[in-house]
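The following blocks contain the structures, represented as structure tokens.
In the two assemblies presented below, chain A is common to both, partnered first by chain B and then by chain C.
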Partner chain A sequence: MKKKRRFALYGKHGMLLIFSVVILLPLVYTVCNSFMATSEINHYYAGINAQGGTTAFHLIPDQFSLDSYYQVFISRPDYLMKFWVSLFLTSAIVVGQLVISVLAGYALAKFAIPFRNFFMFAIIALMMMPYQVTLVSNYIVLEKIGLLNTYWALVLPGIFSPFGVFLMRQILSTMPDSILEAAKLDGANQIQLILKIVVPSCKSGIVSLVILSFVDYWNMVEQPLIYLDDPSSYPLSVFLAHFNSSNLGLSFTCGVLAMIPVLLLFWLFENDLTKGIAFSSLK
Partner chain B sequence: MKKRKIVIRLTVGFLILMVVCTMLSRTVYRLMLPDVRVETPTSRSLTDPMTYSAEIGYVNTEDITAQAEWEVLSVNVQVGSEVKAGQQLMTIRSDEADVERKQLVLNQKMAQTRVNSTAGMEREQAQIDLEKADLALQKHDEIYPKDGIVVAKNDGIVSEVNCKPNQTVTGTQIRIKTAATSYCVTWELPMQNVGGFEVEDEVECVVANSEELLFQGSASISDVSVPDEMGMVTMTAAFAAQRDIYLSDAATVTMTPPSTTYETVVPRSSLQKVGDSDAIYVVNTQPSMFGDHTTVKLTAVTVLEQNNRYAAVQVKLERTDRIVVNTSKPLFDGADVKIVE
Partner chain C sequence: MRTGIKHRGLTMAKRNKLIGIALFSPFLIGFMVFYVAPFLLSVVYSFTKGVVEFTFVGFDNYIEVFESPAFQIAATNTFKFLLIGVPLIMVLSILLSLVLHRAFRGVSWYRSIFLLPLVIPVASAVMAFQVFFAYSGVVNTWFQQIGLVPVNWLDSDMAFSLLIGLYIWKNVGYNIILLLAGLNCIPDELYEVSRLEGATRFQTLRYVTLPLLMPTMFFVVIISIINSFKSFREAFLLSGTLPHTSIYLLQHFMNNNFENLNYQRLSVAAFLTFLVIIFLVCLYFFARKKFFEYEM
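So, the complex of A and B:
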């Protein structure tokens, strides 16, 4: 029996190891290749664009080089500018989304609003739709209100996220009404209730929302391409999607640059994220 | 808790590193950018005006000139007097002219007598001599005042009187301005600069004395001389002036050769050869989150005409567009640049 358990354990760990390798390999590959010299990249990946061409699997650099890092971090400010554009846009969207989602989720969870169920149905329906479905209608609306080719065109549609409202509503609906009523009896108004009771009590949900929406908008590609005409105002995600074989080294390095904020965010809030998702019954 | 502190420190460190790298790379990049000088396109003609100093003269004046010695008996007008055609200006006596006229009258009478007293071939010859004598007397009377009375031939205003009674004079004695256009300017210029200018074309003329501007306006070319042995041409242009102008005043003439005024003219130094065709770099400044981003765009042009400094081009440009006329490094389409004043 013990032997059987041990085999099951080995099997479990083996499976986990395989999945880990599959998941981590692209990251490790990107990081390792970012330290290759341009000549080495050209040598191993020359056939990447050729018809029927093959590329070598080359993980460890033959010669360690910081040439790509020099190009990205020192030589030209373009890549770092894209990084800041991405950070600015994502931060603005996440902060805005947080405010709207908490308020809307609170209202839907704790107030007897007429047609509340209909609103929830509409929000779930919107959430289920792929983003591309609303892209054209968003474009028309943004054009009518004159926000095309501005960063508002990316920030405003991002702020009003049905997923955030749904998540916060789910979390807040599990909060006992008695806590809020007790606070009301103590003389708290609605703002105090939100800031001092609601927000602290659903901290893990808020963190989940922050991380999920940060990752979502950090990697956005379609929206900037559709709503912005000027390529110089594109964020890093679009910039990465447009790399070609002539500068693969920069592509690997910018990939590392784009990876770091998300990794740091996950690392910082990983416990809250799992708690928040569990709390919201989304698991 | 310890892990969270480490991650926060790492995050802050990463952001600080990003800020430092961004500032450093921007500074380094800006230092390495090509310095460019820019100008805006203009609408103008490609011919440059030429300016010459000129001498002032009089035109449309009637000069009373003593061809021989005149003894002035009386002067009936003074400077500023208005005169009518046929009005007596002065009386003179000229012995030389009287003697000459008497001789001519005598010649005429002798020819007339021969015509009356002869026949055939001789009569025909006498007839010719009579016609010659008539012509000579008529010419004399045109030059010398009849009976010593000098009259004005045109209406006008007396501008100069150079004689007094009891003087014996030769040369111009009385000058009458007969119309508003009373001045001319004469200047010399190399033959190659005459260009397309011809009689009746307009030039810009400025006349001033040491104290004030007396005239500024257009003058109409009235004469273009043949080139002399040095290849210089003398041109004369007349102009109307409301104020009195004297020969000692300073005059300048500006000639703007006729040319088409082009919609878009750029400095010639901005033209770039791209294969067989021409192009210019147009500066494009885009505001971005981190300040203005200035790049150049290579724009193909068709050169219509050019001179030493400018080129007229066919291209769609706004008046506010800036064109690179000078660069410290070679440029390419889309290159980032730094504009220097």
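So, the complex of A and C:
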């Protein structure tokens, strides 16, 4: 009995370890390769595009080098610029979405607004659509209001994305009405209610909305390709998507650059993220 | 008791309603302009022809799209992806969440690791992926070393398996979190009772855990289906707008028709996708009402 249990324990840890390695490998590989000198990268990946060439598994740098980091941060500042463009766009979307979502989610959860159930259904339905479904008509609408080829074309649709409203509604509908009633009897007005009661009580939702939508828009690829004409205005995500094997070292380093903000958010707020995701369950 | 009191000429209830509308309207306006109106517009497009002048053509576009081989391939692949990817990710995530539900040393580490791909930009990982699976890449080099024939991973039917792999890699953590939350809602007393009744671990799983986890599992299936529609991004990162036939998805079809300015064909595909998703959502609500009414 004891032997069997120990065997099961090893089996469990073995399985979890294998999965963890598979999950982490692409990330670790990217990070490790970013610390190789250009010459080392060129040497090891010489065969990758050649017919009949070979590529060895090469994880640990022969010689630790900040070569590609020097290139990305100092000698080719256009990549760093893309990073800031990405950060600026994504932050604008996240902040805007947060304000809109808290207000609308609060309204849906706690006020008897007309067509409430219909709105909820429309929000869920459109939240689930792949991006391509509204591609053309969104393009036409953006053209009509003259936002095409400006960053507004990326920011505005992002701000009004239905997911945030959905998440906030889910969380706020679990908040007891009595708290609000009590504050009202104490003479609080709506603005005070929102700032002092609604916002604090959906903190985990706010944090996970920030992370999830930050990640989503940080990775955006389709929207800039379609709504922006000028490739030089593309954010970092699109540059990464057009990865070129001619400069692998740089690509790896930009990959690391793209991971930094999201990893930081994840590291700081993992618990709230988990709570928020659990709330996104339809109940 | 306060609802009857007049406040600046309005009843409390009416006033509340107005505040609600005021709070909701910023979102409503944006939602209408950037989501609802474009969607309705594209439904209208799907029934018209012409670029500058639109004429109503009924279901002509639908017939044309249904008959086009590109659409047939795209639709088949998208459904094949659903039918293979969703069961796989479900089994895996249920298994892992059952393991991770119990407290043991290192459990929080594993939970973090599984959640990590959700936040990591796919593009950062795709690079390593390409290094591994390029024709002259790492995996084929290993294959040659042990005497196997190299596989054309990205340009054969294997691309489909790779995409399934990426989909699971990306989404399994989200599913695990949802399932763990579901597992946490099962009251400890039930486990206690089943232990006192002398149930084996398997019986407990079969008659307590899984039935009570049903509603959550059902929701996770829906989420997994939706996430499978989002796999286009990974497919696109892996091999651009014209990938191997095995991973040519509905979204490729829509994207390419956009680039060829064939808005009508795109709108048809978009509306059909919408119908499928709506059907799934309605199915979810219906099944919930019917089977899980007792829950919460």
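Please note the rule applied: the second predicted complex is superposed on the first by the 269 of 283 C-alpha atoms of A that agree within 3 Å, B and C clash if a C-alpha of one lies under 4 Å from a C-alpha of the other, contacts with A are read in each partner's own complex, and residues count from 1 in each chain.
Please note the rule applied: a contact is a pair of C-beta atoms (placed from the backbone, for glycine too) under 8 Å apart; a residue touches a chain by one contact, two chains touch by 3 or more.
Source: prediction; values computed, not measured.
The superposed arrangement places chain B and chain C next to each other on chain A without a clash.
In the superposed model, A:74 lies in contact with chain B only, and not with chain C.
Geometry note, superposition on chain A: angle between chain B and chain C about the Cα centre of chain A is 120 degrees, to the nearest 10.
Once the two complexes are overlaid on the shared chain, A:85 sits against chain B while remaining clear of chain C.
In the superposition on chain A, A:152 makes contact with neither chain B nor chain C. When the two complexes are overlaid, the chain among chain B and chain C that reaches more residues of chain A is C.
Between chain B and chain C in the chain A overlay, the least Cα distance found is 15 Å. Against chain A, in their complex, chain C makes its touches with residues 13, 16-17, 19-21, 23-24, 26-28, 30-31, 33-42, 45, 96, 99, 110-132, 134-138, 140-142, 144, 169, 174, 177-178, 180-182, 216, 219, 222, 226, 229-230, 232-233, 236-237, 250-251, 254-255, 258, 263, 266-267, 270-271, 273-274, 277-278, 281, 284, 296. Put simply, chain A touches chain B in their complex at residues 73-77, 80-81, 83-85, 88, 151, 230, 232-233, 260-261, 264, 267-268. Listed in rising order, the residues of chain A touching chain C in the complex are 12, 15-16, 19-20, 22-27, 29-30, 33, 45, 47-57, 100-101, 103-104, 106-108, 110-114, 119, 121-126, 128-141, 145, 156-157, 159-160, 162, 165, 190, 211, 215, 218-219, 221-222, 226, 237, 240-241, 243, 245, 248, 251-252, 255-256, 258-259, 262-263, 265-266, 270, 273-274, 277-278, 280-283. Chain B contributes residues 3-4, 7-8, 10-11, 14, 18, 21-22, 24-26, 28-29, 286, 288-290, 293 to its touches with chain A in the complex.
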